[in-house]
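Dropping the structures in below, format is structure tokens.
In the two complexes that follow, chain A is the common piece, with chain B as its partner first and chain C second.
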Partner chain A sequence: MERRAFYRNGTLPWLLLAPQLLLVLVFFYWPTSQALYWAFTLEQAWGGGNTWVGFANFLAIFRDGQYWATVGRSAFYAICATGLSMAIALTLAMFVDRALKGTRIFQSVFVWPYAIAAPAAGVAFRFIFSPEAGLIGSINDIWPGIWSPATNGWHALGMVIVCHAWLGIGYNFIFFLAALQMIPKSITEAGAMDGARPFQRMLDLQLPLIAPTVFFLMIMNLISSFTDSFGLIDTMTEGGPIGATEVMVYNIYIDGFKGLDYSGAAAQSIVLMVLVIALTFVQFRWVEKRVHYS
Partner chain B sequence: MSAITLKSVKKRYQKSLVVHGVDAEIEQGEFVVILGPSGCGKSTLLRMIAGLEDITEGEILIGGTVVNKLEPRERGCAMVFQNYALYPHMSVAQNIGYALKVAGMPRAERDGKVAKVAKSVSLEAYLDRKPGELSGGQRQRVAMARAMVREPKVFLFDEPFSNLDAKLRVAMRAEVRNLHRSLGVTSVFVTHDQTEAMTLADRLIIMNSGIVEQIGKPSEVYHRPASLFVADFIGSPAMNLVRGHFAQDGYFRHGKGGMIHLPTIAPALISQEVSIGVRPELVRRVSATAKGAIAAVVDYTEELGAARLIYADADGSRIISVDTATDALGTGMPIHFAIDPADLHVFSHDTGRRIELGEAQRAATQTRINA
Partner chain C sequence: MTSKWLFGAALAASALSVAAPASAATKFEFWYGLSGDLSERIQDMCKTFNESQADYEIVCVSQNDYEANLQNTIAAFRANRQPTITQISDGGTLDLMLSGAYVPVRQLMEENGYQINWDDYFSGIASYYSTSKGELLSMPFNSSTAMFYYNTDALEAVGFEGAPQTWEQVEQIARDLKAAGYDCPVAFDPTGIWQWWEQFSAAHNQPIASKGNGYEGLDATVEFNHGKFVDQLTWIKKMYDEGLFVAKSKAIGETSNDAFVNAKCQMSSSSIADHGTFAKQAVEGMHWDVAMLPVWEGTERTNTLVGGASLWTLKGSTEEQYKGAAAFYAFLATPKQAEWWSTVTGYIPVTNSGFKAMTDKGFYAEAPYKGRERAVESLTFTPPTEYTRGVRLGNFGAVRLEVANAIQEVLFNNVPVQQALDGAAERSNEVLRRFEQTYAGAQLP
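Right, the complex of A and B next:
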């Protein structure tokens, strides 16, 4: 039986909850309700209030080929950023787990990127990837024009993805390392006695045992790629060149704040929100219920 | 040629030396038990043989080849771990067959081998289960099957029974012994349990704080302990040990000032600071008038069923005796013991090593060892 403490006083718990509730109401439920209102209404052409239009706003964006291009780009962005970030973080965590020299220092150094705000990282990476002056740009000295994120859409998208992945490595690294260190050392040693080399032990023993963590991180990274990319894109490419880095969240900003199509942008926000809710649901249903190995 | 040779093997962690130069030869097909209290370096020594720990100094040879620089997989050893170390996400069959899979054995051949080994440890009904669904004893068997399936040159056991209850431990002990008899594979078994050690071993290596105290057959170690540590560590109830010196008058004077009626059989020892010891079962009860009787007073007794232990006080030093008589004994009652001087073990106070007392004692211990 779980033992729980109850408050006798009726108001105290509400007072304790109030700050958190206030934050959630002001920054989540109120904007969400506004977005829902806008998504199902349309402002009259010359002002004078909104009229109810049902699903017309949604139908409009779903009929728009441009919108589906954004969705596809977002999916590509999410899969690449998640895959890249997790693969690098896992590799680093594996090395740290094998207790190479200097482990203590690396453990904290790898975590730092997570503390950097997206726009700050965006500015730094814009410089690093700058074709005229940056580190990567220096390959243009050897093959002129080979790196050009300002004109080549794939270059621009790749640049943002790399930056996004880099920002997430620290977060992923902490979780991977913690999961790897939960595996009893004797299991790896038994693998060594059974003749498996380090790489094979990683595939056969360590990866299956940290599968719940891998899945959890995958969902968290996908959600982050869909929603947190705005700061990076706005500082690095502003959606360009020619919309090549316009992902779902950036498209909402463009349509809403640049194009002043509040209803279309609100409908897009609702779609994005449903997507994130769906991913979170999968995470709860699948990961939380998943049998953890004893 | 020995199966395993250890040549002044040392292990150092940072500054502290945990294994101080071990020399040992383990013969082909022998079952050797490394016994010692926790922290004595016995597991470290085993892990160095396995290749899971680096060897700081010295050499280890397996089958005549120096293995210092070889990876565990190249040494031909299989190991049973203390906590079984089964792969929790694999079925019993996959656990047993993993080494074969890694070695690239074709599936059909592998399945056949796994089935055969599983049958030999009566696990054939559990092949599809996960380790989490097995009892402690069954997990233990999976761990053993996993070691057996590779047909290794050497079996290594790292305190494999320490997680089992007493009854299961006795059963597994018998199983390991039968296994060794039928396979004849050289085995090194680490434990801190002396009963386990005595019953399993062809030979014992007794370790204490990184040093080998004695290497010998169980009966040798019991009846002719090479050091004070071994004398005290082996045997239950423990050997009676008293520190002091033999005096000219035929009494042994112990540290607390009391004296025991015990003449020495080696005159050279007189006045030398030593510890003397005698096994409780060799302390005989005699009548007060018997020749050489040692007078004592009963402290208390412990009933063991087949016999009882008498804890008595002989002028300030404790004497334990195994007694099969059934008369009533109460605290404070006078009692008399006799000890055959040939049954005495004498250890130097300075080195803690055994001092031989001449032919008579040698002959007496030899008869017991051979018995």
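Right, the complex of A and C next:
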């Protein structure tokens, strides 16, 4: 049965909506429109004036080989961080779902990383990964110079990706666990009676059944790695060494704030925004329609 | 979505400026980009100023570093919440000059009835912060230049007496030190472009950019990929590969300054402003000294560039607040205050008379201040030339970043020196062209 509430008073719904609309307007549409305007002008840093340049800012960034390098790096970052984080979270959720000893403790423990702010985690991981003093750095005592995130770009990028993946595990874990627990026990039990081992059951039964969750998480993780990597990178590597950890969002910060090129940064923001909108669109249109239980 | 960053920064900055409650004294704000020990000294200075008179109250706010201070000041200015005075580093000078956001300091002082002998400022300092006609636009404040620090114990241990004056000597000492078992002869900060690039170029009278380092027009192009800096970077790479220069930076885990005061590295280059800190932090029993930057043999040394920052008076304050700002500048220029500032930090006095008064008093005659006079010597070694009067490049911060990346590419990724510098130059020129377009038609003051 469907239940609906009707308002006789026409203004009341708008009043109830107002706080939310105001927030969205002030914190999203206003700055976005500002960025959109800047992206088509050359904006003086101190606000002394600007000139309309059409698509020149976009052409400039698309012509720039180093910009495409940051795009490629962002894609690599997003795929690795998403894959790593989801694989670990799924494994943990599988074990917790099997109701082994101590499940209830792990259920809450595994969620904790999600509550840690990225910059705080970044600082902690910087110590852990420090080549001179850190936990990981101690392998340099055995093989000197083997771990050097300050000079080796791949080390630095790997380090940030691992931290990003670690931060996302808690969030992914909760969704996976919830999805796994939604699967009727009888199905797995039937599988077990037919002689399928736990790993076989995961591949053939559980994974297909939680496919909608997997796709939802994939999109959310991809979006998050495009936009939320800033805090980690800023505290851990500041984009270095030699720009090896400059992903799209960090490049915006460097060009806009360090380079005072507001227009170039605004154009990059728009590109990133379009990318995120596209991913969201995929999530709503493609994933939600195609992926369903069958 | 990401444009939230822009807005967030503006919001955070404006939240910092607290509305002044009504009181007898006129309040005005001063934002600065220093932290730690230096920030505490500025707070002391503000306290002294507030206690010295009853008409004005200065509120001094640390924004942590020059970069953050510039960003926050811009955000605040765009939101009309800017402080009366802000501290802008050497490299940001042209950005400010073209902003139209300031009141020239000379005009400010004249309007408020202060007589200042503008010719008293060291020419190398004045030329960095003045218009082409020689009118100072900002108040010189914390001024420094790059110096060469060395551990006298270690140098004596390999039989070298006195200060290294040429890079040939530095190389020889480094080899001897290495042979004697020192594993870090020279600490090299790969992001330390200010001392290793800009100041090297100045001491050797090499252009950083065409058009007299940008003084003659916004259409200047960078020149660091020709001339002596190419050879210098080639040499640095060679020294690095041989383990004679050791990379030290915050990212690596130990800064070059820390490595020097802990006696792990025996030579290093840094600002004279660190002289006081080194004296405090050097491990017990360690002897060290400071010298002008070495030059290559057969080079006619020229003066080095002033580093540090100057104070800009921003538009948008009340007349009373400007009176307060002028009173604050006058207070800074008093001999007593100038000497105090120079004593508790390593910054040098900014006027000829101030320097002379301190020399006459015997300030530089003995430890711990002995050696700081060499910074003034370096800064005033010759009258400023076309390439040693300063740098007038727009968004110079972005250019610095390109050079820092080029140096690291050469050191860590074995990219050929010329190729790395050409790449950096090409990108730097794009930055400059963008700046030129943004300020199309603007004239350098």
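We take it that the second predicted complex is superposed on the first by the 283 of 294 C-alpha atoms of A that agree within 3 Å, B and C clash if a C-alpha of one lies under 4 Å from a C-alpha of the other, contacts with A are read in each partner's own complex, and residues count from 1 in each chain.
As a convention for this text, a contact is a pair of C-beta atoms (placed from the backbone, for glycine too) under 8 Å apart; a residue touches a chain by one contact, two chains touch by 3 or more.
Worth saying up front: this structure is predicted, and the values here are computed from it rather than measured.
When both complexes are superposed on chain A, chain B and chain C end up sitting side by side without clashing.
Contact with chain B, but none with chain C, is seen for A:186 once the two complexes are overlaid on the shared chain.
Set against each other, chain B and chain C differ in how many residues of chain A they touch, and the higher count belongs to C. With both structures placed on the common chain, the touch criterion links A:141 to neither chain B nor chain C. Draw one line from the C-alpha centre of chain A to that of chain B and another to that of chain C; the angle between them is 160°, to the nearest 10. Here's the short version: in the overlay, chain B gets within 38 Å of chain C at its closest Cα pair.
For the contact definition in use here, the chain B contact set and the chain C contact set of chain A share no residue.
Here chain B touches chain A in the complex through residues 50-52, 71-73, 77-79, 81-83, 85-89, 98-99, 102-103, 132, 146, 150, going by the rule given at the top. By the touch criterion stated above, chain A contacts chain B in their complex at residues 184, 186-187, 189-197, 200, 204-205, 208-209, 293-294. Residue ranges of chain C in contact with chain A, taken from their complex: 1-7, 9, 67, 71, 74, 77-78, 95, 98-101, 247, 249, 251-254, 395, 397-398, 401, 405, 408-409, 411-413, 427, 431, 434, 437-440. Considering their complex, residues 27-28, 30-32, 34-35, 42-48, 50-51, 53, 60, 66, 130-133, 137, 149-153, 227, 230, 237-238, 240-243, 249, 252-266, 269, 272-273, 276 of chain A touch chain C.
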